[in-house]
Amino acid sequence: MKLAKITAWIDRVLDVKSFPDVSNNGIQVARRGDDVKKVAFGVDASVRTVKAAAAAGAQLLVVHHGISWGGGIQRIAGGIYNVVKAAMDADIALYAVHLPLDANHAYGNNYELARFLGLKNLKPAFVYHGVTIGVVGTLPNGKKVGVCSGGAGMHAIDAKELGCDLFVTGEADWGETIAAENIDMPMICAGHYQTETFGVKALAKAMARQLKVETVFLPREQC
Amino acid sequence: MKLAKITAWIDRVLDVKSFPDVSNNGIQVARRGDDVKKVAFGVDASVRTVKAAAAAGAQLLVVHHGISWGGGIQRIAGGIYNVVKAAMDADIALYAVHLPLDANHAYGNNYELARFLGLKNLKPAFVYHGVTIGVVGTLPNGKKVGVCSGGAGMHAIDAKELGCDLFVTGEADWGETIAAENIDMPMICAGHYQTETFGVKALAKAMARQLKVETVFLPREQC
Amino acid sequence: MKLAKITAWIDRVLDVKSFPDVSNNGIQVARRGDDVKKVAFGVDASVRTVKAAAAAGAQLLVVHHGISWGGGIQRIAGGIYNVVKAAMDADIALYAVHLPLDANHAYGNNYELARFLGLKNLKPAFVYHGVTIGVVGTLPNGKKVGVCSGGAGMHAIDAKELGCDLFVTGEADWGETIAAENIDMPMICAGHYQTETFGVKALAKAMARQLKVETVFLPREQC
Amino acid sequence: MKLAKITAWIDRVLDVKSFPDVSNNGIQVARRGDDVKKVAFGVDASVRTVKAAAAAGAQLLVVHHGISWGGGIQRIAGGIYNVVKAAMDADIALYAVHLPLDANHAYGNNYELARFLGLKNLKPAFVYHGVTIGVVGTLPNGKKVGVCSGGAGMHAIDAKELGCDLFVTGEADWGETIAAENIDMPMICAGHYQTETFGVKALAKAMARQLKVETVFLPREQC
Amino acid sequence: MKLAKITAWIDRVLDVKSFPDVSNNGIQVARRGDDVKKVAFGVDASVRTVKAAAAAGAQLLVVHHGISWGGGIQRIAGGIYNVVKAAMDADIALYAVHLPLDANHAYGNNYELARFLGLKNLKPAFVYHGVTIGVVGTLPNGKKVGVCSGGAGMHAIDAKELGCDLFVTGEADWGETIAAENIDMPMICAGHYQTETFGVKALAKAMARQLKVETVFLPREQC
Amino acid sequence: MKLAKITAWIDRVLDVKSFPDVSNNGIQVARRGDDVKKVAFGVDASVRTVKAAAAAGAQLLVVHHGISWGGGIQRIAGGIYNVVKAAMDADIALYAVHLPLDANHAYGNNYELARFLGLKNLKPAFVYHGVTIGVVGTLPNGKKVGVCSGGAGMHAIDAKELGCDLFVTGEADWGETIAAENIDMPMICAGHYQTETFGVKALAKAMARQLKVETVFLPREQC
């Protein structure tokens, strides 16, 4: 299948172009070849993930966290060199999709995580850089829970204003932890990586089903 | 002792005014009274810390992390309201000092931590927002160790360039962890709070000794 | 009546959230209590106004000029400390609403002032930071008059382009005065405070009528 | 005398090039001719001032407030057109010097005004956009007075911190007036124009004396 | 004919006000007189063009490149002085229109140039500062050609992505030339001035026809 | 010879670290190997230059124009991909040095070009982004000539102010050409590439002489 057809599918399904994002979403490292037989999925564009994608026989690696943010890459050196070199050596293209994957209602990290937690009455919440990426729902016992994957500790304050009894995120830095404590807002930090596997896995499944292309999710512990 | 005399002492000893800092260093909440009998020290300006300072009979609370950053406080509400209210009720002034306390060679978080770790040949390193705040030293076995307190995971890359065998910081976010892994740089995250108690304690001792004013350090676990 | 219900009413009636504004509109100082029996209104959040609100038995003070602008409050000290202390001591919440009150057609400073001046055929005019806040109308004698409350001397130029015979504002600084002179545009500076009492009073009346809550306007000369 | 020689003298005497300033100091409107017989001085570059300069037989007009600020002039129209046209018609060059004239110890607005008020022990004070432009001194009765010409009402706060008993400026806007009131700082607003004639006049005299060129000050009331 | 009527016509026909543009489109130099008998058109607001307009008996000069960009004119000196002086001496108003003239489908530089080149199936392309200004079309032989007048060498990359066989622009700087070479994109640089005469001429013709006002195009080689 | 030793030599000789520059000077693409036998020099980091460097047996390519500017590289695709791929395939490191090479008095583009033109009494001139990069000198006939390599057409204005009879640069865009014409400043555009071979060649020679490493200059016409 043509690389451009696959990336167009992701762009469309996740509405990628309409999201402002500090991540430079889309193709971050191109490749020579045009044909893709297998697509690997991972949370992070690390050397380990790229090599695992190569070992799995993939020509395209889709990740939540790429290597190009904001202004871009100033020097192709150090860890960035290692990732780019590994991708070029294996002729693997790297496609990154950040906030559009957090926010998506069908396959996104937060809605998937909320469903995994058994929450009902899901409603979008938590505005990150102008984009609503998280979700609020209710447990069977009626308690209200806010969910925002990744490093979203700053949203504990919003969870309080929304009347949540609990806020679930991936990680919070120390200042965010103190801020949550100062307003008595219970917060669970379930791991930046772990909370962001949900959307990546869901996207891999959907692509396989809809595009009839082989996909594989690469768990970090097996890379 | 006059409040202004104490804050002038900190300003001078830590050279506070010459540091660019996203923290608005100095008095962040004033007080009515002018006389200070006891000075409390803590890492964070939390409700718990302010109340502990009041319970300890202090009129001034010196912290590493204050409540006013960058442009300042837009709304005195939520956790900020709680901290300000607690300080005003107890007529306690709040003084914050961030990077100047990280960077100081005599009493700073990093030099103190490096000495605690038994490092020798200490040299300043790790430039944060234009300020060199950390330190590099050597263990008795000759291994080179970089030390940068607080949330300094982004400096693992600098530690690599400096030829460090190990990098010690307080906390690193997930992206910084992946970046360190991609360049094979071992990193210990010893806790944002824990690594920043060193300078706060050293400053409290120095003030008591030099100004002959009573000081007390407020450990988080006892607040 | 619940504080949140009252602020929601102002937000809705003046469409507060849709206005970009250098004023951080909304609650600027929270309070402990939740119930409001009386609402005081003033032009400025000064110590005198807050104390007058307390003396009048109010739990909420609504002002046109608050204490938090742009990035916010860097240090709760000096005059800001005095205002916050006075508000906290009296457990009075402070709500500020700036441009939305200038611009409103039903209760705003400019439309109210224009009606007071006997102007007809009122049309919105004078764009301030992207928001149309003033008004142009005609006197019985057919003369065209531009009205823009507060410190809007820079809009004398716009008044000229609109073909006004007279421009009425609150205050103009020296440079704006020279600029108006250079284009032969007559300008009346009727006082920043005075021109902005019109909207504040109108809002107080409307709230009393619609929410059935007791309100009081605090004239500066009686504070 | 060559125009370039005269402007070089002002640049040197007031150290114009070293001042950051929102005014684009220096020549703001050039002229065809190169020779200058008479130099007129005014506070503002208004149509009236330019015409008075022409009537006085000047080829160069030096002002405190020019017509080009910040990014510059977007359209040569309206009042700006009138000023430029008047200057070009009379072949008069326009030279503006703003903060360097406020700040100068020998001829500046503030030191001259302070001496006029009989203040002693003059010391620089009041930092405006990174430049110290005002002065603090003492009256014969020992009272401390801060002086900052023009629109410097925002410096009442600094005057309070410096322990002044009185603050003298040209004009203050309403918000600055309230801020001064909130800290109980008496402030005299003596007129933006009036407080800035002092430096302009002193510069005119010094130029006549040192460069042996004819100079004339144009009082606003005679323009 | 009134000057304001003519500029209103251009504003409407080219939809000038809706274009963000680094050029300060519209009147850039006003004039005293109100009546216009003849309108001159040129690509650039140079001394030569202004004098040619005067010699041709025009009262208004419409250009693609004016003299006021971005923040504006900081000093009316040097070449800017010469242009303004020439315009004021001849009492000629200067009107500039930049991107709106590049982009217009009926009279714009790019659509006119594309029609001149015999391209068919014209579609808008090439986004410059948020505005789509160029065009893509096909030659009779089926080859795809991108057209973007002026200094648009940076758009060779976009032409490649659009699948063009050739990219025609006015000028490209050296870095853009190398960038085009690195992706094997043939590019013709036909002259900044030459490619931008097409729209200027078309607008002159349309104005004469629609407004019944005399117009004249001023070729650079005859100025 | 170690790669780090060579780059340290350039950094020192051209004082690279002290120059603010929109080019991200230094290593822009790293390499695996550490040892360098031959160093190639070119003006531009193009695919052709990188391949020529590989064909010449070099392990390091030093260029005046690299591939990373400002914020950096957002996507390693298109021409950037081609350059990086070519460099990685040949295991060639890419080192870019921009303004420091323009400005250097011993080996820089401008001083070298000025000496080639036979200019005497060379003095630094032409400030580009805060850095003085060009030079002014005199011909045997006493005429004054300004020299500023590359795309420096905007400096014709400065040449005028310096009293130059001629200004020599590499390229000028159309607006700069008109601006020079408006002030009657003769300007020669000798080619962006051609004017910047002077410094690159001089640096190659100096490195060979001082470091005893083999160097080669790659002329564009032979790539």
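Quick notes
When the chains are written out, they are named A, B, C, D, E and F in that same order, and each has its own residue count from 1.
Note that a contact is a pair of C-beta atoms (placed from the backbone, for glycine too) under 8 Å apart; a residue touches a chain by one contact, two chains touch by 3 or more.
From a predicted model like this one, the values you see are computed outputs, not experimental measurements.
Among the remaining chains, not one touches chain A and also chain B. Between chain E and chain F, the least number of touching-chain steps is 1. Annotation, chain A versus chain E: rotation angle of 120 degrees from the Cα superposition, expressed as a multiple of 5. To find the repeat of A-B among E-F, B-C or D-E, check which pair has over half of the same contact pairs by residue number; it is E-F. Distance from the chain D centre to the chain F centre is 45 Å, each centre being the mean of its Cα atoms. Distance between chain A and chain F, defined via averaged C-alpha coordinates, is recorded as 42 Å. For the pair chain C and chain F, the distance between C-alpha centroids works out to 58 Å.
Among the residues of chain C, those touching two or more other chains are numbered 78. Viewed as a network of touching protein chains, the structure reduces to one closed ring of chains, two contacts apiece. The assembly's chains link up in one ring whose order, counted from chain E toward chain F, is E, F, A, B, C, D.
Within the complex formed with chain A, the residues of chain F that make contact are 24, 26-30, 32, 68, 70-78, 81, 84-85, 88. Against chain A, the residues of chain B that register as touching in their complex are 44, 46-48, 65, 78-80, 82-83, 150-151, 157, 160, 170-171, 173-175, 178-179, 181-183, 192-193.
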